[in-house]
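There are two complexes below, and they share subunit A, which is joined by subunit B in the first and by subunit C in the second.
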Partner chain A sequence: MASFCTRCCRTLTIVTTLVVASLSLALHAQPDPNKVLKYAFETAETGFDPAQTSDWYSAYVFSNIFDTPLTYDYLARPVKLKPNVLEAMPDVSPDGLVYTLKFRKGIYFADDAAFNGQRRELVAADLAYSMKRLFDPKTRSPNLSYLDGKIAGMEKVRQRQRDSGVFDYDMPVEGFELIDRYTLRIKLVAPDYNFLYILAYNGACAIVAREVVEKYATDIMAHPVGTGPYKLASWKRSSKTVLVANPGYREEFWEAEPNADDAKGQEIAKKMRGKRLPMIGRIEFYVIEETQPRWLSFRNMQHDYIDRVHPDFINQAYPNNKLAKDLEKLGVQVSRTAAMEVTYAYFAMENPVVGGYTPDKVALRRAIGMGYNAPEEIAINRKGQAVAVHTPIGPGAFGYEPDFRSRSTEYDPAAARALLDVFGYKDRDGDGYRENPDGSRLEILMSSTPTLRDRQLDEGWKKSMEAIGIRISFPKAQWPDLLKESRAGKLMSWRLAWGAVYPDADAFYLMLFGPNAGQANHSRFKNDEFDRLYLKARMTPPGDERLAMYRQMNRIFLSLAPWRLGVARMDTDLTHAWVQGYQRHPTLRGVWKMVDMDLDVQRKVRKE
Partner chain B sequence: MSAVLNQPPSVPVAAPLHQPSPGLWMLAWRRLKRDKIGMTALVVVIFFLLLMAGSYTGLVAKNWSKEVGVSYANPSFMAGAENLEAVQAAQKDTSAKVPFVDLSDIDPLAPKYAEWAKRTAEIKITDTPRADTLLFGGDKWGRDVIQKAIKGAETSIFVGLVAALLATIIGTVLGAISGYMGGKTGDFLEWFYNVFTSIPYILLILAFAAVFKRGLDTIIFILAFTGWTGIYRLVRAEYIKHASREYVKAAQAIGASHTRRMFVHILPNVSHVCLVQLSQHVVQFIKAEVILSFLGLGVPVDSVSWGTMLAEAQSELVIGKWWQLVAASVSMALLVTAFSMLTDSLRDALDPKIK
Partner chain C sequence: MGAYILRRIGQMVPTLAGVMLLIFVLFNAVGGDPALVLAGKITNKEQIENIRKQLGVDQPWYVQMGYFGFEVATGFTCTWRSFTEKPEPPKSDPKADTKAAPKAAPPSGCQAVRSWATNEEVPKILATRIGPTLSIMIPVLVLETIIAIFLAIGVAYVRGTLTDRMIMMICTVAMSISFLVYIIVAQYYFGFKWGVFPVQGWSDNFWKNMVTYAPLPIMLAIFVGLAPALRLYRSFFLDEINSDYVRTARAKGLSENKVLLKHVMRNAMIPIITNVGIAIPSLFVGSFLLESFFSIPGLGREILVAVNRSDFPVIKAATVYLAMITMIINLLVDITYKAIDPRVTFK
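Now for the complex of A and B:
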């Protein structure tokens, strides 16, 4: 029911867009090639084939080049899906198994040699092809897990590939049924209401053209050709990437639905609504790994934008939660949002020291959790640029509740010590550290990497654990090795961070779902009730019923404490005065078509 | 060269008959005493060694890990300066205080709630007051930087000294065997030596550091096992030279065993080489320890060394907190320079050619 209603709203939105569009015919300006937006990544991109990459930085580039069937409203919070190259939101069958997607006509790929001089229209088969690519072992896609086991009939194609060694894209698949040139019917193995989010995720559903993939084959990372607002002009690996506006981009106008109480969003919408997209003619992405030069190139106005200002510079940019005076004078604008992520330290549930579900083991983990000084981590290590999380769900995702607290996640060293005393973890030999109730030695081994950042977190943990009398040490190894060992279940405890690609608690709870042990479920947590609710929630449309399940899952998680929850980082993005309409979106990566630049303001501010 | 060395150095050529002749070490000490720079360096080195001993026994810097100041407390000579970090850290959580979620229906700990609450009420946690300024500033956690530097000196010097001693022992023993024995044993040891020198030094250290477990002893072993090669080479050359000398032949004639000839007869005559190498390696290893700790492969999390201080300082410098960098680098520069100069003076003092 709920999803039906949202669909009505979508249709209304499109009608409004069309009306606004016809009113603003006079404003039909092409993107201005003099509007050049420059900014720097802190980590290098890997390449621009959506199926082969899973890093943020590549996505920051290619999501301006490719379209996904669905996208998110730019300003609506909590996030809201809307059709992108579809005529309307997909039609979902009442059992949640069949999704029918009607593509808009007259959307063309950017010109490329692969099309032999013809204009190439986007058709329904392109999406089926793009999604099948993830299953092709040759693609080696890191994003396969988002589709794996979900599409009906794909297992047959993979089986044939295993038998014959050839992945047959032309083999008919039950799950991808082409009704006509513009209509695709996707059939799932089991109902999954999060599939709509997958249709907006550019790692799984960015639409590529088969001719292009086949022509460039192994060089496809350097040849992204899509239907999006920008196309790749040049690429110097790990150094400079240039996008220019796609001249053949479809006629599209600025539209967003900010919340009524979102003053900044309303102001942006008022200024931008009805403008033809895209507005900026050229985008240059640089790679500056060192934090200081990256900050300075923004501060000196060489760059127009900086995202996620490093905590080391936060007191120069945003001291005491206010924009710095000198930046204010320059007209710099701030966009500050909590990232849709959680950091956590997990305890291996199969480990004889910290694992297990008996009250004494639960008490030990809960006490460690309460004894860890997370507020200090936020204040000192993260310089206040983070918020504590009290559920395993990141801020902004469906199921996240900002006003929620639990005893398990609250720093309370007195309660931690009391709990250890009550369950018999006492210091028997007088060395200042507690022993197990049976008198054996108790030592927590929390793995970490030999980086300065981890050392600082180690220090915090060490201090906290000393304060409640728990011995802790930190075996060191490189991150990829730790990941391997962790998946094999060999670590006692490790700190991780997880950012979700779709805004639903499901994207976080999958780290606690029993069958995911050895993959995303590092702690190998297994609780039958939790697993049952997890599967049931997937088959329940978003709404109160699903929220209730998520709440119950959270309570199970908190009572058994397989993790010590940490924080979600605050992202502080700054734009200079002449950049208009920027606002960080929790999941949307390609936002530049929604942003404009005022060259007069740029000249004026730079001169001063 | 040969004119002097043909005489066993411990027997001065023109010593008056009834006066006890000063030995090699006495002569060396006299020469060193005349060297003003050398003596100053010696005083500095002794000062650091005393500091190390004091810190080891807990006489100084015992409470280095106590958080006595606010985060990045200013040095006392900069008392009024702005400290945004401390302001930030002192900010209390202002989020709405909603009641805790009730877990009692599924909580395995529920039966013990009452007992737990009672015990909690008995435990008092007191906050220690924190100073706004410290003598030479505080670090991120509010620890005194001077105490940290002293404690760091203990780690760094201890590692440097012990590792250098070990490396010198390994290098001398192997060099002695190789140089004295020659033949197949010598060839074998040469090969062994070549294997170690064929790998770039820092890479070798990093490889060892990646394989072994963390700890102070590990660092010492790593440095010793990778650093002995230079000493080996020098000692071997000396032994080749001395093995055929008359005094060794004489020792052989009166029936001294190989071991006795190697370590009782020849060793004292080449010991000045070893000693100079020893002090040179102390300097080298202090620096290597700093590099290792800087790269995160060094001392464990509950101890501090100059290297970890420098590693922390790199991110502090950009926010204008320079004191930790200065404290660590000045003390390190002072010790390393003093040690290098002392080495230089020792070399001069111990060289029997210079009278």
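Now for the complex of A and C:
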């Protein structure tokens, strides 16, 4: 009996020691709650349901909460996809139609009342459900276009919804086949090699749990529950959002593959590699719409990070393209990249004044393009915080060629005037403005909003056009009204900006694809060869063949000039000396798990 | 008096109906199509139509007006469609993971009016924003009124002197400078350069807000509001100081303090209260500039965000709410006249 008791005691001691040791290990693995990163958005977020939001700042928060099947390597440039919650990259069938995704086991959602006290594992059905939500009319998803018409069998579900008024999530769909608990086979209607990017896009493929969506229903925007490194601790709409490290986050370590010639990336990787993620215990996002308090909050160290420093303060932060001396002294670090976007002014191709494909109309549009002083826009309106773009593809996307130049996208007023003269756009009545070749009045109507920024751009356009003898005016309306008119093809010209959610020229060329006229294709540009190449490129794996198609599409675009290309803005992000490992990624939003804070440095710098 | 109050309350109903009609016409005539804003960058006609249907803006104008009236009266939105919608059919996919996929709940007939942009309940938005707004605006109004009254009575007493002229000149200069300039300069110096106050911020703790974050915006608002109030109140006091009853009081041998603080002030209070009454409704919408620059999560800032997002339910609710507050405050101000001046009678 005594020996039985001794054995029991010994076993109990061993078990207790093991439990304590594991608990202590687990505790050590948790990020330091004293590491609190504070940062301010310049625009209020809308909410944290990935399917219902498309704004930058909401995504900036929920990308730290939800996982997507794929993600991007943090430092590889050009950007590189890698598995996130998958065991490996999806297995793509040779015809590019079928994607097989094998999910890793043992990935859990953060605890929530919706799970009734049970740990809820991420399974393949969750991705199918999350993607189906975009098709549900009740979700009112602004991201539907990324999946619309792509998943085999979804049209049947939508048709039934149209007939019955009910969206049936349980209706079998050919495009979503559950092989087993962890394997999902997605079948596409047509091959689309960009689908891999969609699997990394949090607006379309952030994985949510059905129980959570159904429990919170209309309040789902305020109850994001995911498998990501952080979970929502509190949210005061348009004011303050707090994330805390998800204690149930899977074991994951810092890993990235910077290019060999990327000295900063290499340095970050050397310092950070192997650290357990996430490292920061708490992230506080504030909303400061005004530029001065946002800047001063960073300067007086109330905040640790400021993204996209406003041009009003760029001369204090980064004068002459160099970090300011006082900031350098404080150890402030800078991350500067050209945004994956383009700004442009389109010409409506169906408009009798500027539209059409005849040589005189093409010449008019090209002359307007060459006559516009884009360098002045960059220097004055954008305070040097932009780069001119020479193709419709934004910097960083596959297909963007930084060294590409075209005469038709360079500022050359003399050439513009000569071109107009040759095609008969001459000042016949001596009023200083040119008339159409048939002698009728020529006036460009470029719509714009009544905002200060648009008024400043209007002035630049007016000055440029008057210099080449073209009369231009700016009908004013609010942005939603202009959008409606534009989609209806009622505007002659309008300036827009476009940022891509995936790093491929496809995300830009869709604005010129004929069938998208009346939607993303505001100019209603239509060219059979361009459309054929667009569809063919989608079905071609990324590589030289696809790049050649993109080049050909660019040539068509430049020769017909449906747009005057503008700029891509430069994003200048600053972090204080104690923030480690930050580097802006062109598309990845959930970067905070890759960043650390050194509290000793923070104390030291603040004391000084 | 009871009959007077009842009559005034009765008059509020058609006034409110007029306000609602005006809001409805304005938003429908110039407000644009909210579905286009909510549909995202790439969309199609079907999706836009679906959003319009979900928002109820596909209905004829009189139906939408009816919904609006119901929303104002109850705080709930109950479209005919929401009553007639069928619940989800109890179907299941044999291959689906049933543990991960429980069935959907049927939709309810009515729900609180919600923001189109964020789906948050509008009454909740207003309720959570009013606290920070009042935390700033009540001290501003109270302190500004008290300081302005005492300064005005003093300036009125020394009317025509160099002091009076200097103060009036300073007031004119102060009024000529934009509020924005005061904010930018004060934020830079008091917040950043000298570190007397935080540059911006707000917390969940009332006392921390009042001690740490609110003083700078309150001081700025008082400073800016003081000059016009002082000039106005001075003129009210001057009107009274030259009256016969003041001469009579002085002739009776009353002290100057008693004449000014008892007789003159009481009579000058009627226009002052009218002026304060006009200012009270603005307490409830706050200052857009202060709230934006100092990151105060108040109603003014919320309305600004709603306007930028074309979030009509929030804008409409805030407008109706302000109209109601204005009418109620006007009634209270009228009742206060009676308490201050017994000569006032209600007819």
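List of remarks:
Please note the rule applied: the second predicted complex is superposed on the first by the 579 of 608 C-alpha atoms of A that agree within 3 Å, B and C clash if a C-alpha of one lies under 4 Å from a C-alpha of the other, contacts with A are read in each partner's own complex, and residues count from 1 in each chain.
As a convention for this text, a residue touches a chain if its C-beta (ideal position, glycine included) is under 8 Å from a C-beta of that chain, and two chains touch if they have at least 3 such contacts.
Quick caveat: nothing in here was measured; it's all calculated off a predicted structure.
Once both complexes are superposed on subunit A, the partners subunit B and subunit C fit side by side without clashing.
Of the two partner chains placed by the overlay, only subunit B lies in contact with A:459; subunit C stays clear of it. Judged by the touch definition given at the top, the superposed model places A:475 against subunit B, while subunit C stays out of reach. When the two structures are aligned on the shared chain, A:292 is found in touch with subunit B and with subunit C. By the touch criterion defined above, A:32 reaches neither subunit B nor subunit C. In the superposed model, A:47 lies in contact with subunit C only, and not with subunit B. In the overlay built on the shared chain, the residue A:414 is in contact with subunit B alone; subunit C does not reach it. Looking at the shared chain after the overlay, A:252 reaches neither subunit B nor subunit C.
Contact with subunit C, but none with subunit B, is seen for A:238 once the two complexes are overlaid on the shared chain. Of the two partner chains, subunit B is the only one that A:384 touches; subunit C does not reach it. Least inter-chain distance for subunit B and subunit C in the combined superposition, rounded to the nearest angstrom, is 7, based on C-alpha atoms.
In the superposition on chain A, the residues of subunit A contacted by subunit B and by subunit C overlap at 292, 478. Against subunit B, the residues of subunit A that register as touching in their complex are 291-292, 312-313, 315-316, 319-320, 357-359, 362-363, 366, 375-376, 379-381, 383-384, 387-388, 402-408, 410, 413-415, 417-419, 421-423, 449-452, 454-456, 458-459, 462-463, 473-476, 478, 555-556, 558-560. Of all the residues in subunit B, the ones that touch subunit A in their complex are 71, 84-85, 87-89, 91, 93, 95-101, 103, 106-109, 111-112, 115-117, 119-120, 122-125, 140-141, 210, 213-214, 295-297, 300-302, 308, 311-312, 314-315, 318-319.
Taken in their complex, subunit C has these residues touching subunit A: 32-34, 36-44, 47, 50-51, 53-54, 85-89, 91-93, 95-97, 100-105, 111, 114, 117-120, 125, 128, 184, 187-188, 191-192, 195, 198-202, 292-295, 297, 301-302, 304-305, 309-310. Subunit A contributes residues 40, 44, 46-47, 52, 54, 120, 123-126, 129, 137-138, 140-145, 148, 164-172, 177-178, 181, 209-211, 214, 217-222, 236-240, 286-290, 292-293, 296-297, 299-300, 302, 478, 480-481, 483-484, 487, 498, 510, 516, 519-520 to its touches with subunit C in the complex.
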